[in-house]
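Order of writing sets the chain letters: A, B and C. Residues in each chain are counted from 1.
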Amino acid sequence: MEVWVQQVVNGLAIGGLYAMIAVGYSMVYGVLQMINFAHGDIFMLGGFAGYLTISSLNHTAFGQDARFAVIGLALLAGMVAAPLAAVIVERVAYRPLRNAPRLAPLISAIGVSIFLENLVLRLDGGQPRYYESIFPRGGLVISGVHIAWGQIFIVSGAILMMLFLQGFIRFTRQGKAIRAVAEDQKVAALMGVNVDQAIVVTFIVGAALAGVAGVMWGLQFNQVDHYMGFVPGIKAFTAAVLGGIGSIPGAMLGGFFLGLAETLAVQALPKGFTNYQDVVAFTLLIVFLVLRPGGMLGEHLAKRA
Amino acid sequence: MPLLSLEQLVSGYGQIVAVKGINVTVEEGEIVTLVGNNGAGKTTTLRTISALIRARSGSIRFREERIERLPPHRIVQLGIAHVPEGRGIFARLSVRENLEMGAFSRAGDHLDDILDRVFTLFPRLKERHGQAGGTLSGGEQQMLAIGRALMARPTLLLLDEPSMGLSPILVETIFATVQDINRQGTTILLVEQNALMALQVAHRGYVIESGRIVTEAPAHALLADPAVRKAYLGEE
Amino acid sequence: MIRFRPVAGHRGGWLSSRVLWLGALVALVLVGAACGSKKTTTSTPQAGGTTAASDPYGVIRIKKGQAIDIGDSAVLSGSNAVLGEEQQNAVKLAVEQKGAIKGFSVNVVPGDDGCGDAAAASAVANRFVSDASMAGVIGTTCSSGMLAALPIYNKVHMVAISPSATSGKLPQQGFDVFFRTAWNDDNQGPAQAKYVKDVLKAAKVAVLHDDSAYGQGLAAAFVKGYQDSSHQVVSNDQITANAPDYSSFIARIKAKNPDFIYYAGFFPDSATLLRQMHQAGLSVPFLSGDGSYDPGLIQKAGKDAEGAYVTRLTGGTGPQTKAFDSAYQSKYGNVNGAFIAFAWDGANILLNSIDKVAQVDSQTGDLLIGRKALRDAVAATSYDGATGKISFLKDGDREPSGLKLEVAKVENGKFVVVTQ
């Protein structure tokens, strides 16, 4: 029993990261009906921004005195660098193709993804970078279940950011603009929404979450490299679909669901098959989507697609 | 000085030129209608005014100012609201949220009195304010679309076929409301296939055929014109 | 099986399918070209030439004034990139020290084989075999890559000497171009088992491996040597290589109450395991093999590496051990990686063999290297290297006599050898 609770904790932690990345896929799909394949690489850039911050501050007097400030600055760096990159990508690679056939921006996104990976590969070399162990080690032990500080940090951070995001989307002017653009760009423009701007804000918000996730990833798993965005990107995209692409709460739910599925799979699988965790997780996904094609919260999508 | 004037306006889609150099003026306080058959270029004209489509050549002046190069959100801020063909309701937003979106261009305004005004014009919307826009009936959606445009407190209201798909009784109601709105001070450019109704409420009318204005006259004169009656009012 | 992150950090998943598609395209073009023109790829024997000119496997002809290429197939990107970089450094060092061969300079051509990525290793091999000036190859770094690349090298009889592909499967493939300066895992696994039983006194071991050719083979060899009436393998699971998160695997094995963790795989994953063992409060000793015997382990795991054991096989010190260590150290710093000296030895064997068989064509001044002659020269190696005395068995495996297990423990951020 205890081990299952432990697995749930583990699943929620990795799921929280998937959720934060998934939101970006879902939001961009919501406004542009486009799968932003470069989103995983935006996440990677966030991870690198955090790495650079930590490695340059950690050995200064300031870094020694104020470890939490360094963590905070690293998160901030991810939250700034990733959106910056996303804005450039949107302007250069997606906006000119806004009225092109649907396949064009998709291909462009794949191109951007390859470009960003190789850019970092060239600039930084193929060597992975290790975050210095700056995050507090250890954690809580509750009747035999270990919850690392990092895990607590990720899950609470993810939930907090989701709440902020929900508030932003529901109640702010820009949030409303984004929702209107997601429903109908032309009509949104007729309401006085600056559609280009709303789309840029969408990219910024999604990338900010991914950038923070990239830094959290580095803090928790210690390593960043030019290719780190690929697998989490695929998984987060899956999570977004699972939750109902276009839906922000859906993306979050999908992220946690996928994290739990692949973690619990390791526990449930028989000896000799434990590394089939992804197979299990994705089989679940397929079954789920066959039964409920719109995803968990995406009932509107089926109508629209 | 006309509130709106289109001069030699040319517009279209890709290879297709749908509006081929039209001249239209709308004076402050008027209801002007643009009637014509399917595919004549009515919707294209309105879309070009709202900058959803770029004008190819010619000019659009609003209060003497050239506006044909402005982006759509700037046009709304100038006071031109557009009720699009097919209504364009935000299906997932509630009725109230749809109305609030209508006031998007009026950042910082207090919405209460204008909301009251819309709810007085369309009491049905008040009853259904929490309901998702997509679940409204066609007539209710049309009311919502018009109400939403009014939320921007426009000087000029562009209406694209408000009668489409509505029962005759509802059409009467809608047109009565349009007249109400006009009396309360909003200038209206009304696009209609239902020429009879449109000409009955309008002050002046234009007939558009294949992207060209073929006739322009006071509405009652057009109603009396045998050619117009034959072509647009279904008389032999 | 869906494999979202294969062993190679760099070219996994869809990227490798991109590479595959590109490969397929290139292959199509090449086939087309081959059908169109009857161009021969290997040089034909020259009339009245030297003995090398009549080699049954064909002759490599290096034009006068050009360089002899030797390939270095290594993992140069992704999590394991440190291993490949060390390999490349060692090869370059050997080439520099050797200088010109019969007046021909030697040029090292690198290729990123992504460690366990079959597609990447094949792509590198295909590139190398199409290089008309390439005499032989050092590499691959990892066993899975070698399995994929060997058939390609074999087809043109190009010698490939791996410094670090230790899987027991490789010599069984029957390719006579295969050699390695590293020893077979079938030697390491049982030696580790003996050490864990006799010295570390663990009775209930949880075994993990990364499902690579290397990890599988080594774990199997360990389990075979470990298990008996008083020593129990409480779990034996494979992890997904290069994944960021093994917390679920650790929770799974923790529930089995092991008193020892054994892992067969590479250092980045060892580091992740160590970190997350710590997070999960699983504080039992950890031991891993030569794939984890790299300073990268300590770099990545930080404090969590403390107390971890790593092992490798050594043939004791040879006459060149000291000289190599100081030469490498003065050029590249740390010489702690398990396979660095093996790569240097491998490169020297290749260079010396080229030196032995290469002949200058008296008419053209070109350098001629017979492929079979070169292979046979490598096979006949008897060399006192930095890793001890090296000769090869018939199947290309390194002769194992005099072999010892070296165990190191991480103490204060350094590997400290705890065996004599």
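Keep this in mind: contacts are C-beta pairs under 8 Å (C-beta built on N, C-alpha and C of every residue); 3 or more make two chains touch, one makes a residue touch a chain.
It should be emphasised that the depicted structure is a prediction, and the values quoted were computed from it without experimental measurement.
Trainee: More contacting C-beta pairs: A-B or A-C?
Mentor: Answer to which pair has more contacts is A-C.
Trainee: By Cα centroids, which chain is closest to the centre of the whole protein?
Mentor: Taking the mean of all protein C-alpha atoms as reference, the closest chain is A.
Trainee: From the C-alpha centre of chain B to that of chain C, how far is it in Å?
Mentor: 74
Trainee: Mind checking the centre-to-centre distance between chain A and chain C? Centres are C-alpha means, answer in whole Å.
Mentor: 36
Trainee: State, to the nearest whole Å, the distance from the C-alpha centre of chain A to the C-alpha centre of chain B.
Mentor: Spacing between the chain centres: roughly 43 Å.
Trainee: What does chain A use to touch chain C in their complex?
Mentor: Checking each residue of chain A against chain C gives 2-3, 6-7, 10-11, 13-14, 121, 125-128, 130, 132-133, 137-139, 141, 146, 148, 150-151, 217, 220-223, 225-228, 230-232, 234-235, 262-264, 266-267, 271-272, 274-279, 282.
Trainee: Which chain C residues qualify as touching chain A in the complex?
Mentor: Checking each residue of chain C against chain A gives 1-5, 9-10, 12-15, 76-79, 81-82, 85, 112, 211, 235-240, 243-245, 247-249, 251-252, 254-255, 268, 271-272, 275, 278-281, 299-304.
Trainee: For the complex, which residues does chain B have touching chain A?
Mentor: By the definition above, chain B touches chain A via 50-52, 71-73, 76-77, 81-82, 84, 88, 90-93, 97, 100-102, 104-105, 107, 148, 152.
Trainee: Can you list the residues on chain A that touch chain B in the complex?
Mentor: Checking each residue of chain A against chain B gives 173, 176-177, 179-180, 183-184, 186-195, 300.
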